[in-house]
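Following are the structures in question.
Heads up, the next two complexes both have chain A, just with different partners, chain B and then chain C.
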Partner chain A sequence: MSSRKKTILKVIILGDSGVGKTSLMQQFINGKFSNQYKATIGADFLPKDLAIDDKQVTMQIWDTAGQERFQSLGVAFYRGSDCCVLVYDVTNTKSFESISSWKDEFLVQANVKDPDNFPFVVIGNKIDVEENKRLISGKKAQALCAQLGNLPYFETSAKEAVNVEQAFDVVARNALQQEESLEFADDYTDAVNIHVDGDNGSCAC
Partner chain B sequence: MHTIERAKKTLSSYRTVRQLSLANVSDEYNPTVPYFSRSLLWRLQLITNYENSAPELTPANSPADRIDVRLDRLQSSRRAYAGLLNDFPVPWDQLDPGSEYYSRAKDADEFDIGATSLGRTRVEHDPLSSQRSPRMTDLNALQAIVTDVERLFPQMPAYFIRNLANKRAVVEILFVWWKLHGDTYQQGLHEIAGLVFVELYKEALDPVKLQKKRKDGSEIVELDVTDTAILELYDVNHLKADVYHIFARIVARPYELYYGESSLLEESIKFNLKLHRCDRYHFVLLNNKLKIEPSIWLIRYYRLLLLRELGVDSSLPLWDKMVSFGYVNKRKEPLDTTLLLPYIVIILLSLIRPETMQSDYGEVMYLLLHYPVQTRNERTNKSVRFSNDIDEDEDDNHHIDDDLVYDEDSADSDVSGSPRVEIDPNVIITDAIVMYNSEPELETVGKMVVERYAAIHARIPPVERTNSLMSLMRRSSGSFRRRSGSGSEDSRRSPAKLQPEKAYKHPDNANDNSKKPDFERTRLEMRLQRKVSKLMNK
Partner chain C sequence: MQGSVGFGGAIASSLEGDREGLAGSAKPVDGAASARVATIKNGDVRNGDSRDSEFSNVNLGSVSVVSDEPPSGRKIGAGHSREPSESTYSFLDFYTSNGSPPREDESKREEPVQEEPFLVVSKRGEEPDDARLGSTKAIPKRTESLMSTRTSRNSAERIRSNIESDLKSSSASHLPSVKNTGQLKRTSFLTSDRDRYGFKKTSNHISESKYNAWWKEYSVYVVRRKMKWEKFMNKSGLSGHSSGASFKAPSRFPPKSDDLKRFVRKGIPAEWRGNAWFYFAKGPEKLKENKGKYDRLVEETLNLVNENTEAIEKDLHRTFPDNIYFTNKTSVNQETGLVEESESPLIQSLRRVLYCFSQHNPAIGYCQSMNFIVGLLLIFMEEEKAFWMLVIITERLLPGIHDINLEGVSVHQGVLLTCIKQYLPQVWTVINSTIKDKQNTDILLDLPPLSFCTTSWFMSIFIGVLPIESTLRVWDCLFYEDTKTLFRISLAIFKILEPSLISAAQTAKSRHRHSSRSSIYSNDSDDADMVTAELFQLIQNTPKTLLDANSLMETCFKKYNGFGHVSQDEINNCKKYVANKRQRYHEMIQKRTSAFGSDVDRRALSEEERRRLLAESMGLYADKKVGLRASNWNGRLSGRVKRIQSRLS
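Then we have the complex of A and B:
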């Protein structure tokens, strides 16, 4: 491993209980699906190393409990996120209707610097179901995403590994962009400090 | 051994439930004892003799030569459950008609049909308050419960995944419990209720079938008067009522302490204080260096009473002892099943110190949320054997498929290559009791326990670690007992007098200097230690 400091991307997955957050994460990380994941309690955490255009990053994915509406605890889970994935189940209208409130709750608790430009990705999961079971059309979902600030939208099947890779690729890229914009801000402050130190040093010479 | 025989032997081996509980805490009455019956133990402690749990209520010299089972309490508790079900009928009829849980109001339940005419109205929430609604609607709660029970114990699908009747039973129990206790139904409760259900279900008896068998002459068990009473205890027809009461009492304190956000944060702070007193290394590492707030991972450890961390097989003996310890230490309502929990968690942390020492934030977080417990093949085999026993014994509707395997999450098992920790629940409980009883001297006694565990794991080369840890832990805890105990070897032979909470009261070797803390060896840690002591002096 290179001695350079590895970039860490923190990604948080939110959405109602049972929409398939754990399945999506498992499919992305381990490339497999099980019909029977247990309910997530609190949150789960899985890291994955990947390369984005030759840049090595570690994505730390936080899979949260969908039934939990964290208030004071949310801060601890959400803080420092670089991207937030909002998941609903295309066969569950309520889970779709919750998307915008999950987004709002995240922004309130994560305390992000620039809420208007914070990267979200919306995922409609379980598109493998029969057509008549599907309750939310792609059109309807895209309208919502447009309304929420042109959020990238993907329709996935964690079960059949449809679009999962693609969705997380965008998640990773947007997260990296977000992280670099923050890093840039930090670098800038550091640079000023170094400069001041350097001045002092040159005087001593 | 037939369930009835096991119950008889248990009841006649101890004079009071308190004695039985002490025997369980001290590991004399444990699952390896041929006449051990968990569902009997729980029923006695949490239903029939619950009122006697306070020590002052137990007659010192009870004239009885066997446990007095208060069947009247059993009967009234079962009537109470039927009443609750009547008052709070599960709104199966409000579910989507396509759901396999849906049933029309009329045949919704075997209980009072009249109750359904109450006509509960669905409350539509004000849109502004819907997100932070303090109370769920009946339908919302039922849907949330169904969502969770649908994925209950995927590692033993025969119990729930493939058994709709059992799933409906647990849904019903949780719904009634929620109506009475909860503002919102919360995830995690379903797993505790589910495991209580499994344990009672395994041993349940069907009186009708037993009767039939007797007529056939195929059943050798003859029922006398006490047998009939025992049969009543295990009666499968009252399974749900008993699971309800046992679940409600096991979960009472955990719900109070861990299921609300502010109380959980409070408990996390308390945990941190304890951790600071006996494991500075982890305190500093987690709080100062990695900035991992304990609530983030404790939420699952605490809410599920370690079920996810340790798996079913290791959790059950731990739960037995946490209940038994709560029973013998009950001073006020409700019985407290959480007394030992923080100490057990501290011990679990100390066991992974060699790993946390060389890990960054991501690795430590991963370790905490995927505690590297070793699940042994022997244990799996034992579980399967046990389930076969049931089939032979009762030959009723409790057919557990052959594929019943206590296999922990497949998702977890293949991810980490890090060494796994083998847990001996009995040893851990014993040490947790030591820590609990020496709370004022946690800095010395607690630290000693922690250092011992950390050392056990660290001394062994990684390759041998998993194999030999168990034996080492046994040996080490044995030496601990010898040095600190006051005749615990003797008391093991006379269960009636065994009082572990007294035997371990004051380890006199509090200043054990021979055990230099491992972490002082590394420079980094010494630096961290100085930092925290500076912080503490502020």
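Then we have the complex of A and C:
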């Protein structure tokens, strides 16, 4: 194992302003929640080493600014990413409705070769709120994810550390699969676009 | 006095402990939450400090509790029984009366019962969650009246004048009557967990011991500089009213001179900053031209709801969550046992300024990062001035930076990269090694990922990038010396980063090569990713450790190997060059898109087009005699152009 290459997995977190992207990243990486996060300007970056089965990987997580106008900066760091996490806030309908445009925007900017098989993971955050404040039901979200191409869907609370670990585990696994298929394709650029496995959508939540 | 600061810190820390504790345990217990909050409140009352009672009075005043209301619903004007005081509270009056400000009495006389017009009510035992408030309330119910606005402005102004007097005594020592309080205040910051602006002293990057060790030295420096400033001002015939023991914060400053520039670079006394920034940025003129405009805007935007205001609401509580004055207060209503949260007056000011600006300049509306700029301004000046400063910053100092397409940000990043290439070639080599597909990439048109790290340097003018005291020193120079300051400081930061960037790039490469030796997967692109990640972290984190403002300024302005020679003309010309080039590029893309449809790869200009682009932008730039040879930006292409030209001739 030590002689094997340490794989870098590049993961981008997208979603409307205030849905909890920074909180999710911090919860996953540091296992902490704080209500002291400031609005993200530009982009933030954090790495995390982890093992997937017997493989050592370094996950590079890129946290982004949510306000729409930041999109026009031309998002150079989207390129070469292995997985994209789309986050919305279960108490905010607009953030849910933006999910599919975030997905499209990513595919355009990242210049993804095979958009149909690129791994996305959808996260509905802030499920710790009281039931009556929740505006987007799990059913509705799952319907959207099915429609967007059977995307894996998780409901999380970054605040109470619910499901965050599980969601990022799937992120890591799908990213790894993507990275391996990309490397394979890169080395044989003449070959037909081979995808080892396009089965990204089967993960249960 | 000493008690008040220490106490302010204590409140904040126990509050935080509370929140984080609750968050950690994941199941807030009713009783525990209420009890803890209640303790704070009692402490508040007992202390009787005006700043703290400012908040606690809110809870003593009449309050309408609507438990069905979501925590977002703001109840307005509840129990408003008294006209707010007509007189505007001025910290200047405050100073002239007596050397040691009798803060408590004064404020009580000014507004006998402070009734807070805004109230957020949470349900019993629910953890108050600032971060969430913004996002849950999609459309805030704003039914404010002008009267409640006036009250709120007065409270904000009072808080600010308290900060002002804190700042004043933290830099006072030479006059006998202030000496004691000054020294007490300075040492009291050593025991508090807050600095003199109300920010948390520690961060992930700065420990308390590191902060205290630095502050012990720096506070002495601050006092010394203040004395020299006073002497300097006296010499310039701008002595102000040295009545009593205090030197009134001047509202006018001497004409520009090398001496004054030196003084500004060494730091403007903190309690003068508001006036000095406003004066140097030509705020008084702006204010004079627009008398009454701000008040009208406040009136117009009272109940405004649109896309901008929604975005603003999301960010109000995420602006300075680490500053005590920008944090809402929670308390338990003794009668009902409900946890109540009252909105900080400075957050209300922040809201008004941002609302007004979005109305005043719809082309910009609201852009994230303006919240930080206004937030910092509000610590130093009253909200009308802060508003006009924002106008000046967005119109004159950082044009385009906050525009809807953020084109100004890209232009500034391009200029910064050009500066780095010119003045820090070794850093440039490192950055260049992160660029994939160098042949087909023009870095000015297609910014590298590392540029996202330096975005906030310009957008938020270093707030949150550098520690607060260093940020303020940058702001001093910015308003006095114009925007070249931002590039000089950026270069100084990269100069500080230089050795670690170089070694990080080397180790990242060699580590990656080594570990992938047996792999067939190794390629340049992975190398670039690896290096980018390492560099990004360094560029992201190192500035946050630059606590010592003096050594940052020294790096920036020292005679040899400093950046004081980077001139405004040079920056302006380079900006023009980058902006023109980008504009031409966008026009070409547009033409291609309309000709070939939208599926054209945006980056793929034909060789012919690239040549034309370069030749044209060279023409724009080559006429000017400037130090930055940006026309040689793309060596490969310019070489080719030269060859073509020689062939033609």
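Throughout what follows, the second predicted complex is superposed on the first by the 174 of 205 C-alpha atoms of A that agree within 3 Å, B and C clash if a C-alpha of one lies under 4 Å from a C-alpha of the other, contacts with A are read in each partner's own complex, and residues count from 1 in each chain.
Simple rule for what comes next: contacts are C-beta pairs under 8 Å (C-beta built on N, C-alpha and C of every residue); 3 or more make two chains touch, one makes a residue touch a chain.
Only a predicted model underlies this, so the values are computations on that prediction, with no experimental measurement involved.
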**Message:** Quick check on the superposed pair: does A:105 touch chain B, chain C, both, or neither? Answer first, second, both or neither.
**Reply:** first
**Request:** For A:119, decide between first (touching chain B), second (touching chain C), both and neither.
**Result:** neither
**Asked** Now for A:26: first (chain B), second (chain C), both, or neither, which partner does it touch?
**Response** first
**Message:** Just checking: does A:160 make contact with chain B only, chain C only, both, or neither of them? Give me first, second, both or neither.
**Reply:** second
**Message:** So in the superposed three-chain picture, is A:65 touching just chain B, just chain C, both, or none of them (first/second/both/neither)?
**Reply:** both
**Asked** After lining up the shared chain so the two structures overlap, which partner does A:76 touch, if you call chain B first and chain C second: first, second, both or neither?
**Response** both
**Message:** By residue count, which of the two partners contacts chain A more extensively, chain B or chain C?
**Reply:** C
**Request:** Touching chain B in one complex and chain C in the other: list those residues of chain A.
**Result:** 8, 17-18, 34-39, 41-45, 47, 60, 65, 67, 69-70, 72-73, 76-77
**Prompt:** Across the complex, what residues on chain C touch chain A?
**Reply:** 16, 19-20, 23-24, 26, 70, 129-132, 134-136, 138, 311, 314-315, 318-322, 367-369, 371-372, 403-407, 409-410, 436, 446-449, 451-456, 459-460, 464, 515-516, 518-523, 525-526, 529-530, 532-533, 536-537, 540, 601
**Asked** In the complex of these two chains, what residues of chain B are touching chain A?
**Response** 131-132, 144, 147-148, 150-154, 157, 161, 185-188, 190-191, 261-262, 264-265, 293, 295-297, 299-300, 303-304, 308, 362, 365-366, 369, 409-411, 414-415
**Prompt:** For chain A, which residues are in contact with chain C within the complex?
**Reply:** 3-6, 8, 10, 17-20, 23, 33-39, 41-45, 47, 60, 65, 67, 69-70, 72-77, 79-80, 89, 91-94, 111, 126, 129, 133, 159-161, 183, 186-187
**Request:** Could you please specify the touching residues of chain A with respect to chain B in the complex?
**Result:** 8, 17-18, 26, 30, 34-47, 58, 60, 65, 67-73, 76-77, 101, 105
